[in-house]
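Just below sit the structures, each encoded as structure tokens.
You will see chain A twice below: alongside chain B first, and alongside chain C after that.
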Partner chain A sequence: MERPRRAAGVREQRRSHVGRLVRSNFSAWVLLLPSILLFIIVMWRPILVGIVGSFCQMDGYTAVGFAGLDNYKAVLSDTTFLTALKNTFSYVFWSLVIGYLPPVIFAVMLNELVHWKSFFKFSIYFPTMVPAVAASLIWYFLFQPGEGGILNMFLGLFGLPSSQWLQNPNLTIPLIVFTMAWRGFGSSTIMYLASLQGVNGELYEAATVDGAGMFSKIRHVTLPQISGVMLLLFVKQIIGVFQVMVEPMTMTDGGPNNASISLNLQSYNYAFNYFQVDKSLALSVVTFLILIVLTVVYFKLNKRVSEN
Partner chain B sequence: MMKKVTAVILAVCMMFGIVGCDSGTGTDTITFSVGNWPKEHDTNKAAMERYENYLTAFNEKYPGYTVEKDYWAYDVSSFLPKAAGGQLPTLYNTFFTEISKITDAGYAKDITKQMEEYGYLDNMNPDLLELVEKDGKYYGIPYNAYVFGLWFNMDLLREAGELDENGYPNYPETYEELAQMAQRIKQKTGKAGFFMPTTKGQGGWQFTNIAWAFGAKFEENVDGEWKAVFNSPEAVAALQWVKDLKFKYDVLQDNVLVDESEFIKLFSTNQVAIGIDTTMRLKNTVSDYKMNKDNIAMYKMPEGPAGRYTLTGGNVYMVAANATDEQADGVFKWLEVSGSGPDVTEEQKQANIERYKAENEQGYIVGPSAISSWTNPERLALEEEAKAPYINVDMKLFEGYNDFSGLIIQPEEPVCTQELYKTLDNVLQVALTDPNSDPQALLDQAVADFQTNYLDKQ
Partner chain C sequence: MKRFSEKRGTLISVVDLKQKKYRAVYWSFFAVMVLLVLICLVPVLWLILSSFKDMNEFLQVPPTFIPKSFHPEKIWEAWQSMHFGKYYLNTIILAGGSWLMSIVINGLAGYVLSRLKPKGSTMVFTLILWTMMMPTSVSMVPLFMTFIDFPIFHFSLLNTYLPMWLIAGANAFNVLLFKSFFDSIPISYIEAAKLDGCSNLGIFTRIVVPMSKPVIAVVSIFSINAAWDDFLWPYLVLKDTSLHTVMVQIFTMKTTGYPADLHIIAIMFAIIPPCIIFMIFQKHIMEGFSLSGIKG
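This part shows the complex of A and B:
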């Protein structure tokens, strides 16, 4: 009898604590209420409805019956699923190779500049202002295969053979990632730059006194100081690139032969090309779960590294 | 206390500020909306004026109805959210390729009663009506139908010396002749002789037509179960023909990961000489790329070993599933006033005259058409009479396309059509980018995938 009574006591204590918290900041809570409601309606409700929908048989967006795990079985047994999964990881891998470190390097260089700083900041940020579809189309024209393609004409000037660019299944994903990195480069650089400008100058002075060279300063002062932002952008990049869809859709439609199809593009195909919303939701939930696992694993690893 | 009351008031204000309010006004009339209404900023001013004229005539004749203009036009990515949210226009139009998806999802109203009452079932082409029928009920009005044909760019044909002494093309009659003609054009002009799309399902869409002509079948119902059968020697021969266009004849456009819109662009700008398309997209060459309308010729699809097959397509009107019977009645009255009804009346004739006149004034191509939706000879004559004064192209350039002799008109494959097209897109992408690809192996794999992923789950 002792244990239930203690549990009830804890619950009551918690309730009164929550009550006290609300009463003591009543005005703040009331002002926060619209935002909380909107957050629930706009963010959480669609996620929950999506998860519930993935277990239903649907006609359009209307659930007409409980399907259990049928949608998941259908999606996971689709021969395109494994290709899309592999490709999505490939997008993430190439995005880390091509797009993760250059913004850090450029931010460090920008931070050291004395003249023309604003001009370079604007130039670097400019591609970010180009909408995703427009950027994809610009690169789509540059990557035209055949001798009339702009990049192929450049290759021709040096006597090099024309490339198939996006039509080459081995190049498709790296090239799409390159266009994404080109577009996202500016905002990451500006974030790193902001972080760098917050680094205490005395740390560099102290390092100089201790005889540190440029690379030692970067390694022992700069990187530890901006590691928080680097971690944030690392996770953000994985989550963002894992949801890639617009770029392959506009540039290759997932081709050639699904060489660039991603999980989200396959999900789009289910929903809008085949009108199979239930399967689309199931695939989205699978993607969501993979992302949660990746994020948790990353934070756990990072915590262990920090502790050591 | 005052502080708390102020906070509550502020919160309520914020909620209303964000959510906003809309107080609808009630009327006694029956309101319905008409989709695809020409936009005011549209270059097509004539179409806008024409719709305004229809509206004036409708309001005079049927004061009990209120028509709302809806500028939304069918689009794959916005249809589903609009339909699910009950936001579709009462009357909307779409393509034949979308009919089964929409009726299966329950987003079209059963309009059998109105189709019967207003005379559509008695006067419409039964083959077309079959496309909108499901379990004995009708879900749409197939008002515009066409078949696939070949487009020819006259400038490039002239440059390549492919015109006869009267200035008309020497049309290819077989697939082999088509490939050879495309090759001659490529060699003499340096421009692509033929266009083949491979994305957005459009490669598969066109490939089915080519493969039928080679004798291929795609889906067969065996004891109530659907089987994928497009890895036959005939289908392989068809795929080999397409592959040869790239690697033997070298006549295709450089980029093969493209869809029909790229064809319209390349064709209109004299970058491609021949391609497969329909009359429906002809106006895009003029409106989007200012192509000279006299620079286009059309001919029927070539003959293959199994015959001269052509795929039928077209536009269909549908009524939103949440429409009431009264609204559906309003829609049918609207169709009558706007010239899409089955009756032979002066009003119908006038509406058709206005349509062709407006298209002519816009510089669009008026003349070529394909399959008529009507079987009633008087209704057919009405349309032809309305069009005759406004024909603005040399109809001899479209004579072969309008001649249906020897053509086998085939509807789309019956099951998982979009999925089939997507599967075939993948096959074509490999066949046209990898010179070492094996058509038989590609189709074997595609058949296995299509069977497992789609047909077995039916």
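This part shows the complex of A and C:
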């Protein structure tokens, strides 16, 4: 009598175990469901709708027919496209010059200091807390051309001629990038600083014993430590700046004479100012494709670098 | 004043600093940092100082940096004449909803993906992670179309804060932050609760949440701050001026021809709350940022 009862007990236990597994899987999925729905609604579905819509003819915001490649032809043959494309690469170029390397240098410097260190950290991070629109507007006011501009007053103090600032088509992109860098470099610096603080101090001592100078220490001890973060931020920066839109929108609205228009801003103009939604979709798909290519190239390069 | 002897082993060691050459390098680094701090703080300082100038001095050529006229009462008048309290309240409503979504929805997602791991959830996690790399440019217009005619139910979300709340609920970054935090909670706590017959939701609310105060604090600060900064979606969705958030308001002031001195004061109003948040939670923010950066 003993054995069957035990066997039944085991069977029952196993069944209830399976039951519990199914039940816990089910309840887990229920808890995950809101997130899945939101990601579909907000992230995945719009990308698909956008790609499909770029091949359609749109009336307002509804598709009224198939357009094939017409939208793409219209967008690519628009003279603004080449300007916007060239500008967007120019934004990326300047952001690498103004925004990418300085945080590395500042972090290395800051890591050396013992005096006022937390004050420096606080102040450098501070602009990051200024909202993007507010920062753009502050610099828009500072970059006021003519005699009334505060920066021109400072130039005057040094006996320098006034500048047109954002109104100068050659300066407008670097200045917008500068504004973005002003807001963004603090967080990168703090990130580099965090990884520099993880460097074992004995490495530097060993390098000193080996007779290494400052630059060879930077080259052989400091840089290897932060190269991972550097690569990560490199891609993030390119992908981020390639999609620049709000800053030129706030500071110059793409001007003067389209000198600061970016691909995304042009796409925004198509959608919300010119009411050519289909063209907007086609242009953003083009931007999307360029970005995907850049990302894939990056990963390929990265792989080759780490393999060698 | 701190001493050099407090220095940890870095590029320039304590021994190096006995040499004049290295001391010069050290103090030149210091000088660069002072210059940098000026670049960081002076624009904001200029903004605050300019808010106190009267209209004449504001338009004066050449402009002044340190105001000669000082009118603190002007700020209160501007607050009232622009009805800025309304925009603050709107932004607080927006931020409150976004905050709730970030904590509840992203937190639950992080928990399920970290601890419960139902079959197939790794694929969901990969799909969520991909959204962090995905350029958002393609989704702008389709998302706007979604909000003017919501799929299946066919109602418009224009002139509500729902679009921003929905977007806040789909934040891959926060999900990742929650997940990596929950990964670090010892499994034994959860197993003990399971043996006591606690349900999944029960384990989450009674065991995981009380242990997760640090990550909840970081996500809260980030999501509230992000909601305060948010511009594009509120601008596209909130057509009704009485619903405007602070950012939308200071942007539209540029085109609607407000007097520049009032505009400057409005920008100051816009940056005060994040600055206060930063002063209070400085450590949380900087640590949370570098933590998330390394993990992400």
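Everything below uses one rule, namely that the second predicted complex is superposed on the first by the 260 of 308 C-alpha atoms of A that agree within 3 Å, B and C clash if a C-alpha of one lies under 4 Å from a C-alpha of the other, contacts with A are read in each partner's own complex, and residues count from 1 in each chain.
What we mean here is this: a residue touches a chain if its C-beta (ideal position, glycine included) is under 8 Å from a C-beta of that chain, and two chains touch if they have at least 3 such contacts.
Given the structure is predicted, the values throughout are model-derived calculations rather than measurements.
Undergrad: Once chain A from each complex is brought into register, does chain C clash with chain B or fit beside it?
TA: clash
Undergrad: First (chain B), second (chain C), both or neither: which does A:25 touch?
TA: second
Undergrad: Is A:149 touching anything from chain B or chain C once the two structures are fitted on A? First, second, both or neither.
TA: both
Undergrad: Which one hits more chain A residues, chain B or chain C?
TA: Ranking chain B and chain C by residues of chain A touched puts C first.
Undergrad: According to the stated criteria, A:246 is in contact with first (chain B), second (chain C), both, or neither; which is it?
TA: second
Undergrad: Report for A:296: first if it touches chain B alone, second if chain C alone, otherwise both or neither.
TA: neither
Undergrad: Touching A:208 in the superposition: chain B (first), chain C (second), both, neither?
TA: second
Undergrad: Between chain B (first) and chain C (second), which does A:112 come into contact with in this model arrangement: first, second, both, or neither?
TA: In the superposition, A:112 contacts chain C only.
Undergrad: Contact-wise, after the overlay, does A:160 reach chain B, chain C, both or neither (first, second, both, neither)?
TA: Neither chain B nor chain C is touched by A:160.
Undergrad: Check whether A:271 is in contact with chain B, with chain C, with both or with neither, and answer first, second, both or neither.
TA: Touch status of A:271: both partners.
Undergrad: According to the stated criteria, A:80 is in contact with first (chain B), second (chain C), both, or neither; which is it?
TA: In the superposed model, A:80 contacts chain B only, not chain C.
Undergrad: Could you tell me which stretches of chain A are touched by chain B in one complex and by chain C in the other?
TA: Shared contact residues on chain A (touching chain B in one complex, chain C in the other): 26-27, 31, 34, 38, 61, 147-149, 271-272, 277.
Undergrad: Could you please specify the touching residues of chain C with respect to chain A in the complex?
TA: So the residues of chain C touching chain A come out as 1-4, 6-13, 15-16, 25-26, 29-30, 32-33, 36-37, 39-41, 43-44, 46-47, 59-63, 65, 105-106, 108-109, 111-113, 116-119, 121, 124, 127-128, 131, 133-146, 148-149, 151, 166-167, 169-170, 172, 175, 199-201, 204, 225, 228-229, 231-232, 236, 247, 250-251, 254, 260, 263-264, 267, 270-271, 274-275, 277-278, 282, 285-286, 289-290, 293-294.
Undergrad: Which positions of chain A touch chain B when the two form their complex?
TA: 26-27, 30-31, 33-34, 37-38, 59-62, 74, 77-80, 144-149, 164, 166-169, 251-253, 255-258, 269, 271-275, 277
Undergrad: In the complex of these two chains, what residues of chain A are touching chain C?
TA: 24-29, 31-32, 34-36, 38-39, 41-47, 49-51, 53, 61, 106, 108-116, 119-127, 129-134, 137-142, 147-150, 152-153, 156, 182, 186-187, 190-191, 193-196, 199-205, 208, 214, 217-218, 222, 229, 232, 239, 242-243, 245-246, 250, 263-264, 267-268, 271-272, 277, 280-281, 284-285, 287-288, 291-292, 295
Undergrad: Going by the contact rule set out above, which residues of chain B touch chain A in the complex?
TA: It comes out as residues 3-4, 6-8, 10-11, 14-15, 18, 76-77, 79-81, 83-84, 101-102, 104-107, 198-201, 254-257, 259, 418-419, 422, 425-427, 429-430, 433, 449, 452-453, 457.
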